[in-house]
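First chain A sits with chain B, and in the next complex the same chain sits with chain C.
Coming up: the complex of A and B.
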């Protein structure tokens, strides 16, 4: 009986194989076809085209028009007029300069702090509660900027803010962090650094993790000083990941809008007005779509420029070595 | 009406009784005929009365093309702004049964909301696509131009002409502020929803305290603290400064006063404009095609007004340069302000009054209640002839009707407006703390005493408040001005004239670029920056 059962099973199995054979062969044929890679790429290509390329071209097109949403006038082609006005606008240059300062300060501080924290955690692999500490450390990064902005507006509040409570106890003074012309900008930078330092820590840990253990052990055996070990062993391996982190942060800091909008609305005066806020205002408060599009195009070009600079720096040594 | 119904029921019972008496032989033939005739006459008279009473309603129901239908209406209003919410609450409570009774259709209202500074964006994003998502919008008055110019809202002149119920007389400030665009024309685009003016909220418990009065007298050559509404009518801005400086005691957690200096939306503009308007300043001149801001806004008068506005920063709590509506309510109701300039629409919140039960405090844990506060007129500005002038900024919002509504929704919107201006509706609106703007309600003999803030509100509305631009470029013009005024009060810009010059140049450019004026910004504007 058992033998009969086995025979029936093998017959059924053979039939199943026969039934799937044509399907498999069709799949294999498709796989071997020259079109196969294109078929695989097609969905993402369509997605990219619909959600990236077409809107980008649309944006570029609109930037050459005078197009105000609340105007009864039809949109009018004005060539580079929107760009010319921005070029001549001292206000826009001021905003751009402020944004670059914000970006450099915020990314610079977050990078330094992130690397230090990363090294600290890297060197304390056996520390009890390390995992919990890391999880808590990464919390600011996963909070939505809307929530962070709201929290910090309350924390900075001169009347009932917790920061002022301690500042008052220490210095005997009350500080209007978001209303003071000297403090507001740095109060924003501090929040951005608080929020994004964990990201740089994460990137640092990833960079350190990419260093081959053998090389680290060799450096240890050779009793290479700590700084030299970092420079000659760790950095050559980890720099790509680290630079990627810096690049992502730079682009992100350049676009900062939500945090500023929630905390200061660009004030006091225009002390915290960054490019993202100006762009939002032009687009969604003034409904000057042409002008806002021109600003967006410039922002895009600046982001591309930064990417190129980073990539060039990243590959500089290799390129130089190859040239030699 | 109920009397007629009762009589009708009584007559029916009498008919039945008569029939029963005749059938059971309890009445003689003569008596039966007599009672029958009298009952018949009564019945005829009552039937006539009932017919007369019911005829208009039946015919209105039959006339309404919507009878039997259910219509869903959406109102877009201002989030966290009690008058907006009150409009929708009353619509649900009052108009819904009224529409069923009068027109025979069912209507449901839903409320979409957005904060002051984002409501226009929300409305515009929807309206620009030709959407009827929001059937009725509670707009800010300055947006009339931006909504009317692209044809997003209905021009109401014809509708008003066809509906006598909508031919209502409003006070002039409301007529010009909430209805007309372009300024000076006869084109009507809005119906006043909520009137609003700036009022002064005074901690009466402090001002009537004998020790405080004596101390103030001693410090100010015998001058007394204002005690009554009439006393405050005589207070000019200099005396007001003396008063608020007297009460400014940061070490005790008490601050003299607060104005809305925040850069958000129109806050600082609304609260610094009175210092300019009341001293003869203007913000622009001319008409469409010839608007001139440069040389008008940046005048010596306005520079002095802006500087005077900034003087009061030092009597406010820390962070007052970020104060807006909500911050003032918090500070005042927590007992840390002796006086406060705030919109009269916020009276219930400022006085900690429960909207559903006006005799009770909204939050019993707060130290302020309605008996401790006097709502009065803000300080005046002494003119060259010695008289006092108050020209404060008009607040408030109109209803506007979406031009993309289909016929049914349009009809409901019009029916709703007719109901909104019925005397009973306006009386109920006022009873719940809303600010009416129609002359009939405002001229009621008891109006001033209906709510704690009504006397000050009416005083300011009738000739002491004015609106500013209704131009389609309002939001852009406002943004640069807020930036400039905020820069000045936070010391980024030292000279008020430089701040005004920046705003004037930018506004002139905005108007010129958008074809609203032929006047180009002057060459000197190229060098004007902020800070």
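Coming up: the complex of A and C.
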């Protein structure tokens, strides 16, 4: 009887298998087809195409036109005219130079301060309240630039600003930090450094964390002076992470727009006008779309250049790792 | 060069007691091996001596100087780690020289020290190679050279050849032997490998559960273990243990167990009762046929080990015994064998597993002299 039961069961089982067989084989056929990988990649490709490639090509196209949103005239193809004009514009070159200065000063200062702070926190692993101090230190980084811009405008304010209050007490003079031709640029650099030093501290701590403990102990036992310890033990392990942080910051600093726009709108005159600000004002205040697009294309090329450096450094690390 | 003295050293990691009130002296100009199973606290002890770990309580002295509160860099020590630690991106030569540069040495003296260590460790060919091109074994040699060239007061080795390949292991071991002979420096060498300890050490400090249980010269430690653990841990396989009875015989005491042909008279202080008998497998004498003083036993298993020696599993009246015999003896054995335990080779332990105050009385006399020539073969 039991035997009969299992027989019936197995027959039923076979039937079930038959029923699922066609669906299974269809799936397998799809899986084995050469198109299958393409099918899997397709969604992200479509996304990429719609949101990245098409707008970029569109941008590139627009940069070859005279295209003003406020004008009744139809857009007109002018070839490289927009680029030629930018090339010949001393104002634009000035802006580019200013942006590079901003980038170098801001990233340089943030890196130096960040590394120093990182070393400080690294050396104070047993200090009470270290966690709290670290959390507080990282707040500028997570604040939106809009908030930072707004409250720094208040801090820098010549009449109500807290900074002026103290500056006045010490020197007896009143400073208009954001209105002064000489000071405005550096006031902005200071805010950017304040915002991004924590990021560099974080990268420094990550870099220091990647140094094997035994190597640090060996250096201590071998009585290496601290500069040699940094150079021969810490840097060989930490330099890639640090480099990555610097490059990310460089690309980011080049694009700085929101902070400047909120605090000075590029003024006084064009003393704080960076490429991002110029671009924004050309596009959305003057509605010179053709011109703005040409600027955007140039900005894109510069960003690509930085990204290439970044990728080169990453690859360099991988080839080194492979060789090892 | 100075002796190292630790006093009442205790180290706890949370609930784990890594070192339990250790007091010990590492003698000057000697190689002391800290030997013990994983987790016995040997590395912790070394790291406290190096200053990389602070003791929960207790003190460390180098000679007369108290160093417990000093940083590692202030202690003038050299250390070789388990994983080869080298300074990257520079040549072997620069690696060895780097710590020397911060000492005020003349260029000639620096060169002399470099030449000496390079020659002993056989690093001549790799001297100008970048450190990243080298394999682990060579890197470890560089690490050793770096530690030795500085000529610190004390050199610490933390399982330095555990993580290198077999070939480099042998080479490193040989150069260590050479180094220690030339340097005559205070050296502590941590290892869990008894062969390493046996070959390199002047004295072995055996550790178990955060304590140093015995410290002796390698052969002494091997032949006269102070407790059951020492007997079991050393040797491959470790010592045989079996229970025996101490019985009253005439005015004295005698030892009675199935492996003895007749009760063995004992000397020393003791009470009748249970006792543990220990004997190393290679000291057990096995005969293919009947022999005086031998008892009949069953041979359960026979396998060949290193050096084509035979490892035997023997049973008599439910008591098991391992024996290691030369190939000429092993090959001839059938399923019934005759076993003899030389009285000068047996060690007696009390109920706590420590050496008992009793010894077989026939030990005194000729037999002791005859066995002195026998080398403990089980160490390899």
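Keep this in mind: the second predicted complex is superposed on the first by the 260 of 324 C-alpha atoms of A that agree within 3 Å, B and C clash if a C-alpha of one lies under 4 Å from a C-alpha of the other, contacts with A are read in each partner's own complex, and residues count from 1 in each chain.
The rule we apply is simple: a residue touches a chain if its C-beta (ideal position, glycine included) is under 8 Å from a C-beta of that chain, and two chains touch if they have at least 3 such contacts.
What you are looking at is a predicted structure, and each value in this text was computed from that prediction instead of being measured.
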{"item": "When chain B and chain C are modelled together on chain A, clash or fit", "value": "fit"}
{"item": "Which of chain B and chain C A:257 touches, first, second, both or neither", "value": "neither"}
{"item": "Touched partner set for A:215, first chain B, second chain C, both or neither", "value": "second"}
{"item": "Touched partner set for A:268, first chain B, second chain C, both or neither", "value": "first"}
{"item": "Greater chain A contact set [chain C / chain B]", "value": "B"}
{"item": "First, second, both or neither for A:157, with chain B first and chain C second", "value": "first"}
{"item": "First (chain B), second (chain C), both or neither touched by A:236", "value": "second"}
{"item": "Partner chain(s) touched by A:285 [first = chain B, second = chain C, both, neither]", "value": "first"}
{"item": "First, second, both or neither for A:224, with chain B first and chain C second", "value": "second"}
{"item": "Three-chain overlay, closest Cα atoms of chain B and chain C, distance in Å", "value": "50"}
{"item": "Residues of chain C defined as touching chain A within the complex", "value": "50, 52, 71-73, 77-79, 81-83, 85, 87-90, 98-99, 102-103, 132, 143, 146-147, 150"}
{"item": "Complex interface listing, chain A residues touching chain C", "value": "212, 214-215, 217-225, 228, 232-233, 236-237, 323-324"}
{"item": "Contact set on chain B toward chain A in their complex", "value": "120-121, 124-125, 128, 146, 149-151, 262-264, 317-322, 331, 336, 472-473, 475-476, 479, 483-484, 486-493, 506, 514-515, 526-527, 529-531"}
{"item": "Complex contact set, residues of chain A against chain B", "value": "68-73, 88, 90-91, 94, 157-159, 164, 174, 176, 178-181, 264-271, 273, 281, 284-288"}
